[in-house]
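Two complexes, one shared chain (chain A), two partners (chain B, chain C).
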Partner chain A sequence: MTADALTALLPFIVLSAAAVAVMLAIAIRRSFRLVFWLTVGGLLAGLSTLPHASPVAPLQVTDLLRIDAYGLFFHALFLLSALVVALLCLAYFRRRENENEEIFVLLLTSTLGALLLVSSAHLAMFFLGLEVLTISLFPMIAYSVRASRPLEAGIKYLLLSGLASSFLMFGMALVYGDLGVLSFEQIGAHGAELEQKPLALAGLFLILAAIGFKLSLVPFHLWTPDVYQGAPAPVTAFLATVSKASVFALLLRFFTAAHAERSETFLCVLGLLAVVSILAGNLLALLQVSLKRLLAYSSIAHMGYLLTGFVAAGLLRRDLQTETIAFYLAAYTVTSLAAFGAISALSDDDRESDRLSDYAGLFWRSPWLAAVLTLSLLSLAGIPLTVGFVGKFYVFAVGVQAETWPLVATVVIGSGIGIYYYLRVVLTMIQPAGVGQRVTLHPAAGTALAAAALVILAAGLFPQPLIDAAANVPQPPPTADSP
Partner chain B sequence: MSSAGVPHTDLWPLLLYFELVLVVVGTMLALPPFLGERRTRRTPATEQPYESGIVAVGSSQLRFSVRFYLIAIFFVIFDLEAVFIFAWAIAFRESGWPGYIEILIFIGVLVATLVYLWRIGALDWRTPRQRGIEATIHQ
Partner chain C sequence: MILLWLILVPLIGGLLSLPAGRRRDNAPRWLALAALAGETALLLAVFADTVPESTWLAQIDWAWIPRFGIRIHLALDGLSLLLIALTVFLGFVAVLCSWTEIRERPGFFHFNLLWTLAGVIGVFLALDLFLFFFFWEVMLIPMYLLIGIWGHENRAYAAMKFFIFTQVSGLLMLIAILALVFLHYQTTRTLSFDYFELLEADLYPGAARWIMLGFFVAFTVKLPAVPFHTWLPDAHTQAPTGGSVLLAGVLLKTGAYGLLRFVIPLFPGAAQDFAPFAMTLGAVSILYAAKLAFAQTDLKRLIAYTSVSHMGFVLLGAFAGNAQALQGAVMTMLAHGVSAAALFMVAGALQERLHTRDMDAMGGLWTLTPRIGAITLFFSVAALGMPGLGNFVGEFLVLLGSFRVDTVLTAFAALGLILAPVYALYVMQRAFHGPASRHEVRDFGLREMGVMLCLVTATAWMGLHPQSMLAYTDAMMNGLTRTLAQRGT
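The block that comes next holds the complex of A and B.
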């Protein structure tokens, strides 16, 4: 292994070492604060290795991993999100009644899984990364063991994830059985003849089903509201952002490497998934009285918007596709972190405040918190001056340019419905305050929320730096085109 | 590694096998009502697992300490890790120094995990109550 390869692998090495170090620190002395600072140190160290890794990119490290600017952009995004989630955890577990230190080990390992996932160039690494991410998420979701909701959510996620993983495995087996290769690049070399290979095509659809489960696209979405509602709020924030964005980043890398965009069938299926996700997500969100469930359905709809951008931009140009997806994912991640962060700041491991009535009069009880939540909801709705608007504009623009009118119409209808239920939450917050007491904001949660809100506003007003970061992304692995 | 894949004409044994499975399972499900004994009169003995004259004692649902499962899980996990070490040992000469360093890291992580499990008391067989009693005895 060359020095370059080791440099490129540094983010993974540092993050793995940090997870082991945090685990040993817990063994030596249980101190929530010490473990928190170690985790933050590990994440910052991981971030600081990214500038060293970027000059050697793009680089293929073994058959399994490919380090390129596309992956590094998402590495930075995930490490920063994990940092925000760590801050939220510090505030959320402030009562310190149980032994809560292990959540940081799990946070580090699941972040490692997400990083592996976006850099994978091989079906084996795809599976490994996904499992590292998912298996760390099971205990995180069921972390508050004394309550029944988290346990239920954990079991549901475990069973359904296992099912999705078996679909994924079967799909990979079919692809391997028909093509005899596992690396994305070699699968791409078969791209042109894919339509004539029924087994491999069936395999790709099974893989798509597994990815659809992780992204909670509509036929596979049933777990989302229950798990989002049951999991502790910081974990929900992680689940909604890092877990989903990493799988979507992988979807883009895998399907462009496999030249799936050449297949009409595939684009039709993806478009169909996008339409039903947007409609079902938005319509079901109308009925919710729990803010976490509402955001869960809204995330289903947002994955639909993303898929619309994926299909439409895929018809146009590769670089536009990466730019659209990377920007939208970054925007969605920041916005969701702010929204779930606000829920997390109002809850602790004893009581989750996720009912809409918990937010009545929040503007009078805690104006800053209410402002951040409003900002993130407006960004989710795609109101101008927020980063969500720029993201939605991208999706809209590529949809119009590619002349995919049914998709554009669905996005318009979905956004219209979306504004209604997002504003309903805002209206609840400005109702006259009842007997509610003032909310004291934990400094860690305050920092995390302020940072997220600043990014939403700054990137909404001056989107260019973020666009550049997302657009400098070169192609996912350049594939040797088959003649 | 051939890239030709499986020719679809060679799949017929698999299809035949699939059909045979359906036939066998279908037969097994269809025949018992005709061949089995007729139960016109249901007695308490009919509901017993063994209708052989010996009355069952107690329930089959015993309560095990959750620690059994914990130890069982540790056993499975560490056993699996040992399998990885065996896989490395077979390819000892071929993998050379890089392989040696990698397995050292692997074993190092395993040892760290064991230290962690030991220190948090996961290997301790006693319940918290027993530990409390023992602490008072030693005072």
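The block that comes next holds the complex of A and C.
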């Protein structure tokens, strides 16, 4: 292994070391604060290695991993998200400070899983990364063992993830059986003849089904609302952002490496999944009375929008596809962190502020918190001034350019329905103040929310830096030749 | 720079009024007035120059999102200047008529009020299509909050309906914008959202028709014209007085502005093909909304329907395509902005005093409140198109212009001038004549009379000396007719 390879692997090494260090620290002395700072230190150290890794990229490290700019963009995104989630955890578990250190170990290992997933170049690594991520997530979801909801959610996630994993394994087996290779690149070499290889194609569809579970695309979405609702709010934030974004990033990497976009059938299926996800997600969100369930259904719809961008941009050019997906995922991640962060800031592990009625009059009880939540809802709805709008603009732009009119029409309809339920939450918040008590905001949660809100606004007003990062271009390109 | 300040001043004023509201109730009101005074000063600086020979008075053009060729391109011509002047003028009216009505959270109220104004001014100034869409959407949120927080009994429904109608139609416009931009990109290989760049776009007729339709729907929803008008009566009725004044006076004009600024110049051919249909919609709006207005018992709802009816003239005039009709449309926009604001202010004042908008519960108010009665009479007469007042000039020009294009349709539309007196005088009869329904009602005070006097003066000025306004839009309208004549055939 060369020095370059080691440098490229630094983010993984640092993060693994941090997880071990945190675990040992817990064994020696149970101190929530100490463990929190260790975790933050580990995540920051991981972030600081990214600039060192980026000059050596793109680099194939062993058969399993490929470190490139695309992966590093998501590494940065996930490490920052994990940082926000760590802050939220600190505020969420404030009541029982010295019983909950392990959540940080799990946070680190699941982040590691997400990082491995987006950098994988081989089906084996794909599976390993996904399992590291998922297995760390079960205990995180069921973390508040005193209540029954998290346990139920954890078990549901465990069972359905097991099912998805078996789909994945079977799909991989079929692909291997037909093509005899496992690395993405070699699968891609067979891309042209994929349509003539029914077993491999079936394998790809099974893998797609497994990914559909993780992304909660309709019809694989049934676990989503229950798990979102049951999990502790910071964990839901992590689940909705890092877990989903990593799987989507992998979807793009895998299917473009395998040249699946050359297959008409495949794009049709993806388009169909997008349409039903958008419609079902938005319609089911309409009448929810639980904010977490509402956001769960909205996340289903958003995965549909993403898939629309994926299909439309796939018809155009590959670099545009990467840019669209990377930007939208970043926008969605920041926005969801703010939304679930606001829920988390209002909750603790004894009582979740989940019902819409908990938010009545929030505008007058805690204006800043309400403003952040409103901002994130507007961003989810894709209203200008927010980064969510630029994300939706990307989806529309590629949709119109590729002339995929049915998909564009679905996104318009979905957005129209979406406004209703996002605004319903805003309307609840601006109701005249009821009996509710004043909200005290934990400084850690306040910091996390302020950071997320700032990014939503700043990237909504001046999206160019984020666009550059998503497109991996060092300088803004001349406008003349970049559609 | 002056253009940027026109947008920034209300934004900053809004931000400042948030903390000011916590100190003292009146602080945000004075702050809002100060911000508007600042706007007035900026506008006066523009007006100080003589009537322009060239079209564009001021421009700024900065890079914003180079990735998509999106620029911060603001420009001011006669039309936007007049509409911004109207916006600022009605901004004063909105602040002053909310002086006693809004008691709760005045800081946040004035924040939303000023941000709505900033969004509207942005719409009137933006010449980059992305930037235009940006402002188009941004002005909705504060307006939504104005209705949703300070509105009347059914505010949640009205606010939601308002938002969904405009947002979905806005998305159609966004798609139309993108289609236009990418078609332009395909022929020229330059990606640009710039207005002047896209004016040169060479579209084949089929595409132009669809893209034009996307814009048209967005603007007619906002205008509104039948059949997209159903959000308006709810929104107007439920909004607080200040909100109604802004909605009727200014927000509706953004739709008309869009038609004049974008639909016709960008797609002259498609617009001309579509003109008979659009003019029919206009005529139907005039008659249908006037009939609906007559059937209302809720005073604010009635005025809301009259707005739809008057906006029908704007639609008719905008698509008639000759300079007279276009000038008439602009005049109608200005005059209706003032008269509708005044009528909504009357309705708001009556509601504040009587706690009802139901005209069945009114009657005989003239003896109790002679000042309110006189003002209402004046603006009812203005709305029904009395010669010598602003509305008459606008509607007359529109009819004159469209008569040359389509005689039959114009004859039908002119029937609106008969229906208008019916509903206008009906209001007077129901609310102000007849046996007295109350013992004591407070009349307009000094503040309200002051505002009303300004509105009366403005209406009379527009009626008596319309040329002072029309001169500003002359250049633009002549340009429009030339474009239509050149490319429309």
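Throughout what follows, the second predicted complex is superposed on the first by the 470 of 483 C-alpha atoms of A that agree within 3 Å, B and C clash if a C-alpha of one lies under 4 Å from a C-alpha of the other, contacts with A are read in each partner's own complex, and residues count from 1 in each chain.
Going forward, contacts are C-beta pairs under 8 Å (C-beta built on N, C-alpha and C of every residue); 3 or more make two chains touch, one makes a residue touch a chain.
It should be emphasised that the depicted structure is a prediction, and the values quoted were computed from it without experimental measurement.
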item	value
First, second, both or neither for A:427, with chain B first and chain C second	second
Most chain A residues touched (candidates chain B, chain C)	C
Touched partner set for A:385, first chain B, second chain C, both or neither	second
Touched partner set for A:44, first chain B, second chain C, both or neither	neither
Chain B versus chain C as contact partner of A:179, first or second or both or neither	first
First (chain B), second (chain C), both or neither touched by A:197	first
Which superposed partner A:145 touches (first chain B, second chain C, both, neither)	neither
First, second, both or neither for A:400, with chain B first and chain C second	second
Overlap of chain C and chain B interfaces on chain A (superposed complexes)	none
Residues of chain A that touch chain B when the two form their complex	1, 20, 23-24, 26-28, 177-181, 186, 190, 197-200
Of chain C, residues touching chain A in the complex	64-69, 105, 133-134, 137-138, 140-141, 144-145, 148-149, 156, 159-160, 163-164, 167-168, 171-172, 174-175, 178-179, 182, 185, 189-192
List of chain B residues in touch with chain A within their complex	1-6, 8, 98, 109, 112-113, 115-116, 118-120
In the complex, chain A residues that touch chain C	364, 378, 383-385, 389, 393, 396-397, 400-401, 408, 412, 415-416, 419-420, 423-424, 426-427, 430, 462-464, 467-468, 471, 476-477, 479-483
